[in-house]
Structures are given as C-alpha cells and as structure tokens.
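These are the structures, in structure tokens.
The same chain A turns up in both complexes below, where it pairs with chain B and then with chain C.
And then the complex of A and B:
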C-alpha cells in the first residue's frame, strides 16, 4: 500500500519513467499475491485520498463508479476462468478415456496358417464407436468380431468396454457364433438405454475344415470374393441388432474358403460416408478394393482407408473399420 | 440439416406423423420427443410417413427402437409407411423390419 502511494506520488510529481517501471514491478507482485484488479483500484482510491484530501467530489464519485465496474468485471472474469479450467480438465479426461479405450480395444492380428489378415479401424472423433477383435484357440480356430455401437461419444465407449469383456469371456470357449450373439444380446439388452443398439458380426474360421462360420446381428453386410469365379458377392446373413429384444435368436451361416478367396468385413462408416451431398455407394467401395487386390491384406486395407480419408478431405464423419481375411496356400 | 414434423390426428387414437427432411444426430431428439409423447397416451396407432425422408442415419434407427420399446410398455403400435429405398435398406440390414411393421410399398429413388 505504502509502495503504491509512494510511486504514485513520485509519478505525479516528476512523471519519471522509473516510477512507471516500479508500477510494472508492483503489478507482478500483485499477481503473485493474487490481488484482484478491484483491490488495486481500491488502493488507488485510498492513495489519492491520502495524497489529495480535497479532491473534487466528481473525481471521488467517478472512482467509486470505476470500483463497482471492476468488481463486476472481476466476478465475470473469475467465472470465465473457472469454466476454462473445467473445460481443460474435461478435455484431458476425454483424452485419458480415449487412450484407455485404445489400450482396451487393442487386438493383435494373429498369424494363422493359411490366412492373410489385415485390419484398420479409425475413429472419426476421439472415441471409437467401432470395435473389432481377433482371437485364437488351441485348436487353431480363429475368431473375429466386428461391431458398431450406435450412439456416440462416452456412452458408446462405455458400451464398447461391456462388449469387449463379454466377448472375451464368451469366446474363451469358442461357442458357435449364433450362440455367442444370443448371449451377448441379452447382456446388451439389459444394460443399455432404449435408443442405443449394437450391430455385430461374429465369425469363426476352422483351418481344418477351411470353413468360416458366422452369424450377424444386423451388421452391414461385408463382401465375399470368390477367386475361382473372380467375382464379388455380398456376404449373406440376417439377424436383429443387439439390444432390441432379449429373446432374439440368430441364424448360423457358413462360407467354404478356397485358396485366394477373401472375406471383407466393414462397418457402415465405410459405406455411409458422404462427400459433400453425395453418398459413397457400396459399388464404389468395391471398385477401390479391386484396385488394390494384388497387395497383402494389411497394405490393402490401409490403402482403401487412405483413399476414403482423402475423399472426405481427412475429416471422417463416422468411424471407419475394414477387415480383410484372405485364404492363401 | 432440418427435419419438419407434421402430426395429423386422423381418427380416435390414430395419428399420422409426416416427416420432411433428414433424420440424423441433430434432428433425432426432436423426432423422439414427438413419437414418445404420442405413444405415452396409450393404445395409439401411429403411422410415420417417411416419403419425404431421403436420409436417415443410425441415430434415426435408435429413435424407432426407443419408440418400439415404448409401445411395448404403453400398448399401441408404430408403423412406418412410404419408405424410400435407401432408408428401407437400413431397416432390412438391421433386422428391424422383423420387429417394426413396415408398409410394403416401396417408393423409389433419392
């Protein structure tokens, strides 16, 4: 207080630059000691009154006016700061959640004799609503799950963890795909809010019979490439999405794989992507896939992803997941 | 994108909800409120006319699932009519056409 009055007086008397420099030093001190702007104004008023006891009444009143203004300003500013703080902490929580989700959902592409496997899954925002998982058992069977949680952001991410743990615990015993979906459907139905649902395909490849058994819960149909005929068809299969009705049953389907045959599994982020006002047609997705057919599985799926990312000017509107399983000698 | 919703009472406990525009994450809450408040009145037949809807995403499907679950609790029925091909495909793929009544007349095109 004394300092402020002293330097104020010195400046008024001499207009000395060094007094201004001291003012700057003082302001740093005030910030360190968390002195608010209105307190500084108050100091100023007190100092003025001490130095010039006979100030005109108008100046005196105007100082009160300034003080009130600064008090309101200070309150609003504090609120703004605390909202900013909250926002920052929310953002870092989101980042934590996203990192944790990535760790949770991490799945390694296994080495299966006779299969060339590739997978890419990219979230449109921080959290991914798509899920895929590979598993193997001691008999060499290979399980693949691909799912799309409808509903975005945090609730979807939480539902995803539920799916992951359920699939992990069910797939230990490698049940038939249809019964895995039936069990999972009951878990989902009991645990999600009404408007939320999950589409999923679960498949199991047996390297001895060379057959791919699968069941689908309303999942976007994938493509099957028949190498002998050099022909693509839609992977057939019907079933209700998970989470609608707890007594849903699922049908089992089967594909016999010959050398060179390929199974493509995807989520609707791939086929529902829009470029401006236009939709990507499934046919276009196939054309892009065909273009890269000569490449190894992992390279192929990455190239296809890059293609659509470029088309959408690197701003995915939906999560994008593409899996490819090629039977090879 | 916008969604206009027009509700017409055409008989005792019988409404037609006509939709114009797109059903996506932004417009879905509005549709959900409309449908759920009609279903709450118990034993209502609500026909949703989708003739003028050329785009619907999965959030839209979520709305119809909510509506379906609510009719199970409150009695009543939701029927979908005049679906465009692209919208209809969504109900077919997801198997929802097996639990929600969908008018078999297909209106073409985008």
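And then the complex of A and C:
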C-alpha cells in the first residue's frame, strides 16, 4: 500500500519512467499474491485520497464506479486461475490414462519364420483410438488385428480396451477371421453406445499353406504388393462396421503370398492425412511406401510415419497406424 | 444474535437494482468497506438474476448478524422455481460463465465467506450466504 502511494506520488510529481517500471513490478507482485483488480483500484482510491484530500467529488465517484465495474473482472480472473489448476490436474490424469492404455494395448511383434513384420501406431492426442494386435498359436499361425474407433480421445480409448480383451479371448481358439468378427460385432453391438462404430480387419496367416485369410468390418482397405508383377493393388473386402447390427455376417477372403509379396494394413489416419486444407491421395501414400521399399519392415513403417508426421507439421490430425507384413524366403 | 430481516421481491429485472440498493445500505451500516460493499452488491445481483431468469419470481432477504466477536451480513435467496437438478454442475467453474451469463453461483461463493444451497425439484431453491466484516475493522 505504502509502495503504491509512494510510486504514484513520484510519478505524478516527476512523470519518471522508473516510477512506471516500479508500477510494473508491483503489478507482478499483486498477481503473485492473488490481489484482485478491484483491490488494486481500491489501493489507488485510498492512495489518491491520502495524497489529495480535496479531490473533486466527481473524481471520487468515478473511482467508485470503476471499482464496481472491476468486480466481475476480478471474479473472472479467480475463476480462470482455478480452472487452470483443474486443467493441470486433468492433464496429468490423462497422461496416466495414456500410459495405462499403452501398457494395456502393448503387443510385441512376433518372430515368424518367413515373415518380416513391422508396425507403428501413434495417437493424434494422448489416447489412441487405433488398435493393432499380433498373436501366434502353437501351429505357428500368425494373427493380426487392426481396428479404428470412429471418434477420438477417452471414449475411443475405452472402447479399444474392450476390443482388445475380446480379441484376446476369441483368438485363443483361432477361429476363422469371419467368425471372430461376427463374435466381436455382437460384443460391440451389446456394449457400445449407438453412434460409436469400430472398423476392423482381422487376418490369419498360415505358414504351411502360405495363405493369408482375412475378413473386414468396413475397415480402410490396405495395399497388397505383388512382387512377381511388381504392382500394388488394394486389398479387397466388404463388410459392415462393427456395432451396427448384431446379426451381421462377414465374408472370408484369402491372399496367397509369394516371396517378396507384402501386405500393408492401415487406418484412415494414414490415408486421410491432411496437409494444410487438402487430404492426401492414397496414391501419395503408395509413392512414399515405394520410396522406402528396400528397407526392413520396421524401418519402412517408421520412415513412412516420419514422412507424414513432418508433412503435417508434427501435429497429427488423426491416430496413425501402419502395419507391414512381408513374405520372405 | 440475528437482527431483523428485510426482504425484496424479485419479479422483474428492475427489482434486482432494488435488492442491490437495500443490500448495499445494510452492508454499509454494518461496517463493510467500499470494496466489500461492491462485492456484496455483485453477489446480490447474481442471486437475484438467477431468480429472475430461472425461477421467474422469488425473494431476497437480508439479515444483520451481530455476534460477540464478529459482525456480518446474511443474504437469503429463495424461490419456488423448478429447482436445480445437478447442484455440483452449477457450482462448477466455467459452467455459467461460458455462456456469458456472469459469475454464476461459484462467483457468489467467491464473493462471500459462507455459502449454502438447498434445492429440490418442484420445491425451488434456497441459498443462504454470509459475509463477515474483516476483523481488523473493529
């Protein structure tokens, strides 16, 4: 209080810049001590009255008017402070949830004889609405699941955990991909609120027959690279997204893999990656993939991710998941 | 010891001004400084506006609290409106301000020292809030 009056007087007497500098320091001190705007105005009024006991009545009243005007600003400021605190605690809670999700959804890339496998999955925000999972059985068969919850953030992440456990329990018996999706569809239909949909592709590779069986529930089509012809085609497949109708049936598809053939599975975060105002074309994804074709699977998917991460200025718009399975000798 | 009660009916927007006026006079008489008077008036505004906007009509009453070691003002806002369904939600920061409606009930709680609210659907809402004169003034 004394300081405020002192510097106010010095400024009025000398219009000295250093007095204004002191005012700036005071204002920082007030913020630190959580002094509200109306209290500062009150300080001003008191200081003014001390310094000039015979202030014109109009000035006096106008200061009161200003004080009343500032009350709501003071409240808004306090509210802002308390919301900032809440935001910080929410953020750390989200970080915990994200860590927990990472642990829950962790899947190791298995070593399968004759396959070179790579996978990358990066959430746009803290929590991932994409999901992929690898499994193997004692007959050496290799299962791969890739899914995308329509929606982002916490609800998508919660739905993902449910998918994970269902796939875990169903894939024990290694059913046909189509019947796994049918079972999963009923789980989703029964447990997820209407309006939330999940697209998914499930595939099962048999190293003896060298065939990749798969079924898809409306999932973004991946790419198949035919090494003999040296050409890419879209991985075909039709099927309703999970969670729409509980008696949906899924069709079974099959790809015979030759040495050098590659299966790319992805989510729409890859193909619908946005650069500025424009969505990239699926063709552009292929161009980037082709550029890195000589690399091992894991390095390739990471390079492709890094390419699009940079194109999007390191701010992913959507969760990004890319899996690559290359048949090798 | 509670002093006599005085009340203002809130039926139209101008009644808010009357409630502020009466509350400020009481606050001044009890010994509140200018800043606290302004805070009390703002709290009254918020309470009266809530009645006017959401309940249609109600009443704002003032009591002087005169205890051995402290003095204060008690504001009671009462209405027979639809009641508040989820009080916790209304007391959340940002709930009312986001729509630009003002400080809302969290604001009233900040402006005052004690705050209590009872609300039943059908039976309306009763808010009782107290502000004490800062001790050093005695």
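Methods note: the second predicted complex is superposed on the first by the 244 of 329 C-alpha atoms of A that agree within 3 Å, B and C clash if a C-alpha of one lies under 4 Å from a C-alpha of the other, contacts with A are read in each partner's own complex, and residues count from 1 in each chain.
Everything below uses one rule, namely that a contact is a pair of C-beta atoms (placed from the backbone, for glycine too) under 8 Å apart; a residue touches a chain by one contact, two chains touch by 3 or more.
This structure is a prediction, so every number in the text was calculated from the model and none was measured.
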Most chain A residues touched (candidates chain B, chain C): B
First, second, both or neither for A:42, with chain B first and chain C second: second
Partner chain(s) touched by A:288 [first = chain B, second = chain C, both, neither]: neither
Touching partner for A:117 - first (chain B), second (chain C), both, neither: neither
A:213 touches, of chain B and chain C: first, second, both or neither? neither
Touched partner set for A:194, first chain B, second chain C, both or neither: first
Chain B versus chain C as contact partner of A:268, first or second or both or neither: first
Contacts of A:239 with chain B and chain C, given as first, second, both or neither: first
In the complex with chain A, residue positions of chain B that touch it: 25, 32, 57-59, 61-63, 65-66, 68-70, 86, 93-96, 98-99
Sites on chain C touched by chain A in the complex: 33-35, 38-39, 41-42, 93-94, 97, 102-103, 106-107, 110-111
Chain B-touching residues of chain A, taken from the complex the two chains share: 148, 150-152, 194-197, 199, 217-221, 238-241, 243-245, 268, 272, 279
Complex contact set, residues of chain A against chain C: 38-39, 42, 45, 64, 67-68, 71-72, 75-76, 78-79, 82-83, 86
